[in-house]
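Okay, so subunit A shows up in both of these, paired with subunit B first and subunit C after.
And then the complex of A and B:
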């Protein structure tokens, strides 16, 4: 087919990556999304694999040892490396650094040490290595960042390299907007795009830092201005790094904006706020999807479709009150539904329900047993069965790699 | 070893015990209440929040019905800040026999429970979501009550009269000598310290656990059968009045609007151990079906949390409840002097939260009688602290408060509008409190996100107060999430499963909470 029209459903990392790859390959893309996508709920880095279940140092090398039903076994390390390279070089240049093959260890907002593959350059100063000296600093008006909690836990953690680091807390008074006592991270991020506010922020932080220390700050250092953190670092005069907060995630928003703006600039059609409420198929060929828009329904026909709508977190998968799990978009056959789906041990094994989803072949076409359900439907990201994305720290790599495979197979007519 | 003494030691910090300690303190006795856990952590905190109008019992238990009607008015007045005057409806659903509703109406007249039949049009006006097939509707004076708030109100009143309230003090031994109770020995579970309390008189109000307490004073065979009932909180107030099914008391026959949620209850299944109550999936399904009959679509609404409580039901083979003159079948007092030859010990059990004050009055009257020291009960005459104004709870009260302090204070829990100041003040009062102890007073983590956003903030703020160190702060966070899960997993589906996915994403992925440093010892309290 010449200039195929592809409908991508979902605007998280999987949907956005697939749309980019398809556009770059010459397809016409309509991206349909109910919400704003999952990136702004994420930590704003690209994980490949953090735990399997032991700590993973070199994620690409560990993929082959995952269980057979894990999506990485279908995806393969090569596709992951390709996808992360694609994200780093083409899509979000200068917003992601690192390499897929080697994890780095960064602090979280409770002071845990967290592995990830690619991180934003503003975070990389926080690598948790032997002998590091951190001062964790935040404004008192930001309730999602508690320096004592972060520093306290970091300082008592046995690091992956076997050492320890020094961390101490400090805080200062500076509302995100004048007179606010309860400023959100997003408020700060917008304020920190403004050089005048940056100067006030830096002036408050600087006296709290001792020589030799790196400064851990909340992940709020600018939203639109990609260099806000560098400007702030210059003003403070010490190395600084960002620690991601719970949603809304400013680093995640940066990734989302970069990817979304790129698509819009390339003139992808972007339909926000529309849920897929129906579809039409001829045998094993999907013809169109129907969108529920305000007051009307819109039918969009296409040559190929990518289901990248996520799992339970987005509502793409649902469990009803009788315990029946469904794909709410195409009613696709699901796997991983053996009882019990939910168990009572919070700190025990990951809840089986969150590994439910669709099975796919090597080109991400959805399977019913051995049979391809629709020849022109691919799935990517959180809807794929077999991963415990949150415990494994595997969701980003799965999303990006499955999206790249799905896009490439549509473009190349790959089997 | 800490040594204390009191005229009266009350064992059990549920509604009954709190009522008893307030009553004895107001009558001028020195009093100490002990509970092995927090106040109202047992059955009192694990119920549906109904302040009975009496309507439920007008056919099945007329005496209880009358008592409920009388006590409803008193509790609404003396615990104004814990009681919302929602009003209630009894409705005959399409599945119910109209014949019972005639008996219901006759019973209400006989028992003096205020009941007014209203038109179906009026019923739908009051509760638009009601099953459109209902055949008959009656208005009653049901209310909803926050059991924790009520018990803390009674306990604080008792404190003002000189009583001591010792939570997390577990009774391990009761000394008797010369056929009378002499002392109660406890362990302070937060510090491990032994505490000996010399006691003139002991009132055992340990509910489903009272058999174990009686046995410590050599009073065997007080058999208390825990009757397990499950309840499910739905995300919204699907109804704003208490909605009762107009049938003989049965499972799943009531929806109670409490705070920002509404609660369906309940089941009644004999349990073996009141410390281990399950929430079986089949009972959850039954509650959802029953809810759907009262309010169609109930099944599709979002369930946020479930819990199980243990009703204490006394089966005493040796002596029937002694004071049948004063007692309805709902409550019983065991006089261990008569029953077991042990003086200075009474066990009170059974009853209902609505009649907790009356139960206390009865047992303290009996104590006074035995002491030959008649002193009048005054608990119905005086409001507890913070209820003096007589203004009843309104669901909008926190919104009103935030309207005043929204520019001065952070909101740590957006679901329940709990501020940093509220949290810090509660922690200052209970520096060794767990987040669940604070939750029971503040509703921390009880809204739709079930702690998703507030628990990390609470951990950080608690650490910053200096009351706890990093190790305890981290362990308290772990414990809180674990405890929230107990009431979440049995009901997870639909939107709450989706919420859980988001919460898991935040905790396990973004925060990587599974890989925080391990504590040397798990914090259980």
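And then the complex of A and C:
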């Protein structure tokens, strides 16, 4: 196949990564997505494996100990390392740092200590290690950032290295705009792209810091200006770091915009706002998908397809009122449906339903038992069965690695 | 009146909202003012508290650009909910101003015969101040320039076409602005379609009612859009309809049905036959049927895709289409909206917001243009021209030029 045309469905981390990899490999890509992907809701980091079920320090080494049905067992450590290496290369502007093999521990917006593999350089000063001294500082008018909660929890946590850290809270008065009393992080991030606002912000933070402290600030330090945080650090005169907030997550938006804009610049066709409403196949070859655009349905034929539409959270998988779970796009056979899918213990074990999805072979082709369903359809990301992503902190690594395998196997001519 | 808006059928989609904030991050109005609490609050959240009456009048600051609906990964029809709630909120005290600015055909018909006079009057500062005070249209708001001749007059008076039309007939929908103000765009569209081998039919046609819809005047807008459907169909039942009025195309494709609940076979028929001209030409290219003997145009052109074009869910056909022209580089604005949003940015209380929404786009156009920027809809072009001083035209101008037609 000379220049394959590939339709990628979904614009989360899996869809965007697959599309990038395919474009870089010379394919023509049409990415179709019902809405903007969930990547911008993320913390802007790339997790590989955080808990299995205990804290994981070296994620790649822990993959082999996962259950046989876990997607990482099919994906393998090498593909994860390749995918994360690829992401750090593709995601320009020095937006991600770290390595797949080694987790770092970073504070969350509630002061928990969270493992992740790749983080934004603006976050890495917040590594929770023995003897660290933090002052957690935020503007009083910012929603969803509570320095006392974060500092209190961090200071009373036994760290992964067995030690403790020092953390104390501080806050200051500075509305994000006008006289707004409850601005979102995004309002601040847009303001902090402006050097004048940055100077006022830094002037408010600086007097609150004592010598030897690192300053934990909310993850709002600039949206478009990737060096806003560095400029701010110079003005404050102490090491600073970002703590990601709940959505709207500015670090998540940075990651999403970088990947999306890169694809548009490479001239992938990006069709936002239309849902796949049908498809056509000849035997085990998928011919086209049908897109429900305004006013009409449009048939898009392609040589290969990547299903990267996510799981239940996006509606790609659905459970009806009888408890029947379906793939809403292709009606693919699903695994992990052994009852009961949902148990009543809210605080108990992970709900089995979230591990439902499709089973794939080593090139991410969807399986029905041992049989490949469509020779030219691959699945990536949240639709893959066998992982409790939110509990394991494994979703990003699965998405990126399965996307790279899917793309490479299409480019390798096995579409 | 406005039964559909009262029943708020799109209300059913609000339960899909998971409060993820994606719409908030994309809302162009929320980004520049604290007067609008954003699509998530005003849409699915406030809708739960509405029972005929609106609990929060900041709803009126929604510009109706539709970027929220477009971006929502859960299928919540946020902009549609807002449009319906606003129609109900305003129905007992519809401002005269909103009734006036939405009468696009009347404006065009009145201004065309006295074009120099009308254009001159719109430039008279004291007069615009009086209009602002009495009617509520901002004195600095961008206004169309009347043309002196209508598109129809050109079409009917030109010499009879003698070149063959092997590809058959198409219907051209010019829209009000394409008839009275942006006449050159309509002419170039017809010439491009004829050049590649189509016969172009232009039945007598009125307004699609979009401006009335966006101002909450659903009854008059419904009458207008159905009349237009009859007129467009009068040229031939199964013909493809082409338009270079990006937002009016959207009204026919989905807005009349989804916002006003027009459930009429005539609209369904026309709504599935209509294509934006760039969408149509790119489709020909994809099928290998577009003549691509384009002349070289060595130029960098900033392109702004209007919100109402994006909301049609077809991607951005202009970019791959224009880049078939050798030498041409298109730079997408990346802006969600230019601020004008139909008639929103004309209104005195919203003018400043609309200018702030447009500012990043204006800066981008100023920084990247080499004498020309392109944009698919008329009011957006007026807004960008006013905001930048740069010549802004429909993308079909470049196709026309590359075919050697101008």
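What we mean here is this: the second predicted complex is superposed on the first by the 410 of 415 C-alpha atoms of A that agree within 3 Å, B and C clash if a C-alpha of one lies under 4 Å from a C-alpha of the other, contacts with A are read in each partner's own complex, and residues count from 1 in each chain.
In this section, a residue touches a chain if its C-beta (ideal position, glycine included) is under 8 Å from a C-beta of that chain, and two chains touch if they have at least 3 such contacts.
Computed from a predicted model, the values in this text were never measured in an experiment.
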With everything superposed onto subunit A, say whether subunit B and subunit C fit together or clash. fit
Does subunit B (first) or subunit C (second) touch A:89, or do both, or does neither? neither
According to the stated criteria, A:261 is in contact with first (subunit B), second (subunit C), both, or neither; which is it? second
Pick one for A:322: touches subunit B only (first), subunit C only (second), both, or neither. first
Does subunit B (first) or subunit C (second) touch A:34, or do both, or does neither? second
Given the touch rule stated above, what does A:57 touch, subunit B (first), subunit C (second), both, or neither? neither
Report for A:113: first if it touches subunit B alone, second if subunit C alone, otherwise both or neither. first
According to the stated criteria, A:234 is in contact with first (subunit B), second (subunit C), both, or neither; which is it? neither
Figure out whether A:311 sits in contact with subunit B (first) or subunit C (second), or with both, or with neither. first
Of subunit B and subunit C, the chain that contacts the larger number of subunit A residues: B
Which superposed partner A:161 touches (first subunit B, second subunit C, both, neither): neither
Nearest CA pair across subunit B and subunit C in the overlay: distance in Å? 5
Subunit A positions within both the subunit B interface and the subunit C interface are 41, 179, 247, 313-315
In their complex, what parts of subunit C are in touch with subunit A? 18, 20-22, 24-26, 31, 34, 69-75, 250, 252-254, 271-272, 274, 310-316, 319-320, 323, 332, 334
Residue numbers on subunit B that touch subunit A, as the complex places them: 281, 285, 288, 299-300, 303, 406-412, 420, 453, 456-457, 459-461, 463-464, 469-471, 473-474, 477-478, 481-482, 484-486, 489-490, 492-494, 497-498, 500-502, 504-506, 508-517
Residue positions on subunit A within touch of subunit C in the complex are 33-38, 40-41, 177-180, 184, 186, 190, 247-248, 253, 261, 264, 267, 269-275, 291-296, 298, 313-315
Taking the complex as given, what residues does subunit A use to touch subunit B? 41-43, 47, 50-51, 108-114, 141, 143-146, 148-149, 152-153, 156-158, 179, 181-182, 244, 246-247, 249, 311-315, 318-323, 342-344, 346-347, 350-351, 353-354, 389-391, 393, 395
